[in-house]
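Below, subunit A partners subunit B and then partners subunit C, in two separate complexes.
== the complex of A and B ==
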């Protein structure tokens, strides 16, 4: 937009998420790719450094690492999967949680400010991994036929209801779960980012493009509102990472649960 | 006085309608948590972790709405 010339306000849309590649000519290397690679480096470094010199009296770093690990292990994995078999899944859940958390929170960090998971492909991959894992462990535990019986026939349902229950349970437990898991994460990040864009770009338009002092005042209020929305978004980003991993643990737990 | 010219997409109105139900649902979940915590403060952490799962499951209805609003945009 050229300053001084009143221009039409173009609201942000899905096009705002198509970022140019960082290096010209390398089309796949965009900001989300860089950010997610950096978060992997940070997570690996943090847990490596925290566990390198483990001692009975922990250093500060080790204490922080144990705090982060214990949070996933105790409040997500053990509660949802059960104390008999949960340790197998803790590495996946822990890695997944901190990967999603850091990628989400990156949307609030200045200069990054782009949620990786607002591109749906990332969310699809995370959800498909979860889907493959919980189905695989369920089939391994109950056998193929036993697993489908376990997932589609809730105990205590009268026989004449089964023709109705089996399709519903199959759709909700096998087909819809990965879709809802990925859509929830994607849409929260997408909607949050677009909301921020609306407030910030709208404020910018009102302050600089309209040339009207009253509207400029409104624009400043819009920016303050955007700041408040950013705070809300930080909360939503943490909650979404938590929900994704808690549901993953829940799905694994329900897949390997014994029939009652 | 000219007629007000509203442009845009009706799918957004549909999303607004679709968000009513999940909004009420999420409100009910946290109302129940507040009630439960008031009656039994020591159960708070347990109630909260259940509430977040319920919140996630309810919220996905609104999320499906926003996805469909973009799908049926054209």
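== the complex of A and C ==
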């Protein structure tokens, strides 16, 4: 420990994610609630404005809206679900993708800078919605018994191995999928945010609190690293939104696929 | 509709890798869990690692049947 250090450095931890309510006394109204509500407003406004005056020759806004919609529709929904039935699921997938994307990217936007999905409850609810949908459409298509057979009977496995394989299929298709879906999103957002906090707060401590010129130099380097991490995080935020929705589409696709 | 009449299965993409991962987790958790439970029940120590390895092996076999034959 260096002599004359005024305060001990308190590293950021899970406590850093417990934000106080914005208005005193309204406990549920915290930053993630506000940010997610704003993203919903932005998404609804954007698609409403983009589709309000549909024209053969699209305006720039309409073009952007169609680009964003087509990305989800073609490269996620149609590829994973198949051209016969994918249109039904495009609204959910599109809404889900832009909701997760905007809430993730909010962690990079100045002044907002908080990833909603770093609170695991948000990720659980998104994963549960996906889980309910793919199981429900599967049961609707194959019937309850047929659906379980469809999800747990791996094709081409010799009969004597089936008793060993069916439990694996059941566990991974029915139980592990929603858990991994939510944990992947939550953990990436949580880890990215805490990494940024460590670099920024650590740098701030080194520069302002230590009173040591050499350590202040290290602090500046720390900030530069933090900037690089922020760039990486922006990439991770987009990838995680993409992965979540691609997997949702694939789960729906495999639930309603015909047996071969 | 004619532009996307596509009878071939779609090529593997990022999602397939994550699905494979959830199979691996499922197999290891299931048979590792059975091994752990049997260890507790019988007072032995070796069944948890045996279960984990067995689960991983069976899952790889399962993945071979599920994804390997797609050519």
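Simple rule for what comes next: the second predicted complex is superposed on the first by the 255 of 260 C-alpha atoms of A that agree within 3 Å, B and C clash if a C-alpha of one lies under 4 Å from a C-alpha of the other, contacts with A are read in each partner's own complex, and residues count from 1 in each chain.
The rule is simple: a contact is a pair of C-beta atoms (placed from the backbone, for glycine too) under 8 Å apart; a residue touches a chain by one contact, two chains touch by 3 or more.
Just so it is clear, the structure is predicted and the values come from calculations on it, not from any experiment.
Residue by residue along subunit A, subunit B and subunit C are tallied for touches, and C comes out ahead.
Contact with neither subunit B nor subunit C is seen for A:152 once the two complexes are overlaid on the shared chain.
Residue contacts after overlaying the shared chain place A:164 against subunit C, while subunit B stays out of touching range.
Judged by the touch definition given at the top, the superposed model places A:135 against neither subunit B nor subunit C. Of the two partner chains, subunit B is the only one that A:14 touches; subunit C does not reach it. Judged by the touch definition given at the top, the superposed model places A:83 against subunit C, while subunit B stays out of reach. Look at A:188: by the touch rule set out above, it reaches subunit B but stays clear of subunit C. Within the superposed three-chain model, A:103 lies out of touch with both subunit B and subunit C [touch as defined at top].
Subunit A residues 79, 180, 184, 242-243, 246-247, 250 lie at the interface with subunit B in one structure and with subunit C in the other. Per the touch definition, subunit B reaches subunit A in the complex via residues 49, 52-53, 55-56, 59-60, 63-64, 66-67, 70. Of all residues in subunit A, those touching subunit C in their complex are 78-80, 83, 154-157, 161, 164-165, 167-169, 171-173, 175-177, 180, 184, 242-243, 246-247, 249-250. By the touch criterion given at the top, residues 1, 4-6, 10, 13-16, 18-19, 21-23, 25-27, 29-31, 55, 58-59, 61-62, 65-66, 69 of subunit C touch subunit A in their complex. Of all the residues in subunit A, the ones that touch subunit B in their complex are 14, 75, 79, 180, 183-184, 187-188, 190-191, 239, 242-243, 246-247, 250.
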